[in-house]
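Quick one: structure below, then a few questions.
Order as written gives the chain letters A, B and C; numbering starts at 1 within each chain.
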Amino acid sequence: MDLLEVLHLDELSHGLANLSMFPYFDMAHYIVSVMALREQPGALEVSRVSPLACWFSSMLFCFGGAVLSGIMLAEPPVAPLSNGTSVLLASIIWYLVFYCPMDLVYCCAALLPLRLVLSGMKEVTRTWKVLGGVTQAHGKYKDSLLVMIAIGWAKGAGGGLISNFEQLVRGIWKPETNELLKMSYPTKITLIGAVVFALQQTHYLPVQKHHLMLIYTIFTVVNKSRMMLTGSSASPFAAFESAIYKTLFTGSSPYAALTDEVTKACIDNGTSKMTTSPTTTKESSENGVSGKHTPVSPNKGRSGSLKAKEESENTETTSCKKTD
Amino acid sequence: MDLLEVLHLDELSHGLANLSMFPYFDMAHYIVSVMALREQPGALEVSRVSPLACWFSSMLFCFGGAVLSGIMLAEPPVAPLSNGTSVLLASIIWYLVFYCPMDLVYCCAALLPLRLVLSGMKEVTRTWKVLGGVTQAHGKYKDSLLVMIAIGWAKGAGGGLISNFEQLVRGIWKPETNELLKMSYPTKITLIGAVVFALQQTHYLPVQKHHLMLIYTIFTVVNKSRMMLTGSSASPFAAFESAIYKTLFTGSSPYAALTDEVTKACIDNGTSKMTTSPTTTKESSENGVSGKHTPVSPNKGRSGSLKAKEESENTETTSCKKTD
Amino acid sequence: MDLLEVLHLDELSHGLANLSMFPYFDMAHYIVSVMALREQPGALEVSRVSPLACWFSSMLFCFGGAVLSGIMLAEPPVAPLSNGTSVLLASIIWYLVFYCPMDLVYCCAALLPLRLVLSGMKEVTRTWKVLGGVTQAHGKYKDSLLVMIAIGWAKGAGGGLISNFEQLVRGIWKPETNELLKMSYPTKITLIGAVVFALQQTHYLPVQKHHLMLIYTIFTVVNKSRMMLTGSSASPFAAFESAIYKTLFTGSSPYAALTDEVTKACIDNGTSKMTTSPTTTKESSENGVSGKHTPVSPNKGRSGSLKAKEESENTETTSCKKTD
């Protein structure tokens, strides 16, 4: 029985590995991406004010990964534009989602059953993109695990990683948040994929490529479907992340007392205010302190100086003051 | 008679095609560009606070097209710096326009007759830059019309397209507007040039290159002169743009009721406020909705939900509320 | 005696030229850089909220020069990531500086004697980076002095030059200032180094390379130590800069009456407000004025129009009004 199962899975994984993304899976990716753009605040207004800006944004949503990985590898960022068929397909989908009479296309695609199928197909393209990025990086930097992870991640989640600049195209600028400060689920799952595929490529992970593709694809599709059906955005890695964080990244500083939410509140409210704080005189560039430096003294003394620093910088963030 | 005219025009177009931009036309381009920079709010103060930042801005105004097209084609963006003679010429002009005793150079060049001639000569360089970009892209991506248009556009209007980042050099940041959201006349005319030259290069437009160069140059020079003499900034394409917009980009959504000005006002006032809106929770990255999605229901129902969305996001934009 | 001194210095300069930066000098550079990041406002909070964003920022501090010079020369910006040993070393140092139990590493390294030694060693790496950049540029653009200076400067002070974008990673955005508008000491000293090494490379400066390396290194180390010991941030070039500025960049405009501090205050307070000024209608893009232009009339008349412009733009900057 096991052997049969294995044989079936093996056939399935080979079949998946040889599957072509074009045109159906790519189409699903474009539809889901453009719908995600449309649901962003202000996107509909931009589509009426400037169809060109709206189209450019949509292309960044659809091809952001290829653009970002191209920039990172010093390859022309316009290369995705040269694939005329894909760009035409994405443009037609963009037009139908934003400007279809009676909003027919968007309304149909937004119905849960169809959206579920399209999102599942989009998750399949994620595997291809991550693997493509890892392979491309492996070709240029044979032994560099970090480069492979970076390019695989960029290719699979590029659109999210460049979201600040995609929003800038639409006239929106939100510097207080980005995908590194607050990683969304798709970006996380892509990073994990990039890590496992890079480990497999460099033979640290003793799994065959097509098996790994199958496992990863099933995992992403199942998770995505679960999240859409339950309406939950709880990450399946929350417990693992929490454990890693508590073990490695809290040390014995007074910040260990700050909960995740409180610190996030400090960032959400305080970070932007820090830019106008008069106490930013010790700001220094990469190449060393300009002569002034304030060594932070251990535990209790540090609590004191950090509290003073926080009070002057985050006067409206009462939760920080209470906790520290 | 017709044949003679044609012969003369043919000679003229050949003459134009063989004309060298260096040094007089390039000089005119540098003078007009640096004067345009000088007339920007705050530019004079920057020239006194930091001549280096002012010089860097001027170089972006003068060579922005070459820098942007270089970035897009993964060619070194410092390449324009290697043309020592051009950079030296542009730097001398920068110095004279900003720091000449008695402000002699600026005042003379600002006199209408001279400014008219210089602007006309600058328009001639536009043809060269657009054509240069289209040809350069054609060399790398033989059949890609989109890439040729993109590179031709970037090379001809690069300075305008990167204006957000050029302003950043001077300490100014205006994310609520950019050349895609609100295209200025020079950027529009360059885009049109890029399209026609790309169509000609790929033989979709059955016109000879030097004839097209002559027609385009005459068109841009005449329009520019007209606009400067009448003081009008009315685009010659306004009617055509309006027709295209009404046909393709209004659909049957309630937004069809919004006039262009009202929607623009929404963007001008509302977009920046959207960054602080508490209702931006459904913001999602490129790779799919995080689990929440709000399908927009057809016509009337949509008016309701969109109105509610607008009211929560644009509380100060009364014009939007009244219209919707 | 002189010959002996020269011989000793010659041996010393050869010794310095053949010194390897890895691992001790590189380590010192990483430690000082990460400590500088840690002392930035808000960096500790970011390290608790998002270790990944903190790590990425640290890598930009440590390898920012290589990244920026790579971008400028169209070489892959991920190339520094491929040097696994350096990245691992920098990452370990990042972890120890931010998360060491009892904050041991930071507190020890912050003690003045040790910090002095580490900063001195970091200054030695500056020489290598500037020279490396100049040589790399010389390989691609044999005769271009400007390109060599630009790449040498980028490689030596890249982290400071890209500080706006490094801060963006941490959720901070301060567009009103950058290293071109207000150059910090490290960026200045690196620019000077890039100029002298480029002049030496192109044989305009008749000094041998290893002698120049020794002189420059001694100069930077001594200055840095002096500034750290005296707690003074006064630039050694202040008098020279002032002379150059008064000679070349004041002309006979009414701005000559504005002191440096007043103009800086205008920038500090006024520039950000200019973005909302209603009088910014004459803003134009690179490619020429859109039809409106306001020629500035000479001296007295100009004082009047500039005063009016200032009053409307900088209503809160009373110092500007009083001076003009």
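Here is the rule we use: a contact is a pair of C-beta atoms (placed from the backbone, for glycine too) under 8 Å apart; a residue touches a chain by one contact, two chains touch by 3 or more.
Because the structure is predicted, anything quoted here is derived from the model rather than measured.
Enquirer: What's the rotation angle, in degrees and to the nearest 5, for a C-alpha fit of chain A onto chain C?
Expert: Between chain A and chain C the superposing rotation measures out at 120 degrees.
Enquirer: Call it same or different for chain B and chain C: same when shared residue numbers make up over half of all numbers used at their interface.
Expert: Homomeric contact, different residues on each side for the most part.
Enquirer: Could you work out how far the Cα centre of chain B sits from that of chain C, in whole Å?
Expert: Chain B and chain C have C-alpha centres separated by 31 Å.
Enquirer: Name the residues of chain C that each touch 2 or more other chains.
Expert: Correct list: 74, 173.
Enquirer: In their complex, what parts of chain B are in touch with chain C?
Expert: Chain B residues touching chain C: 32-33, 35-37, 39-42, 44-53, 56, 60-61, 64, 70, 74-78, 81-82, 84, 87, 95, 99-103, 106-107, 110-111, 115, 119, 122, 126, 157-160, 163, 166, 168-174, 179, 184-187, 190, 224, 227-228, 230-233.
Enquirer: Which chain A residues qualify as touching chain C in the complex?
Expert: 71-74, 137, 140-141, 143-147, 150-151, 164, 173, 175-178, 180-183, 245, 248-253, 255, 258, 260, 263-264, 266-267, 270-272, 274-275, 277, 279-280, 282-299, 302, 306, 309, 313
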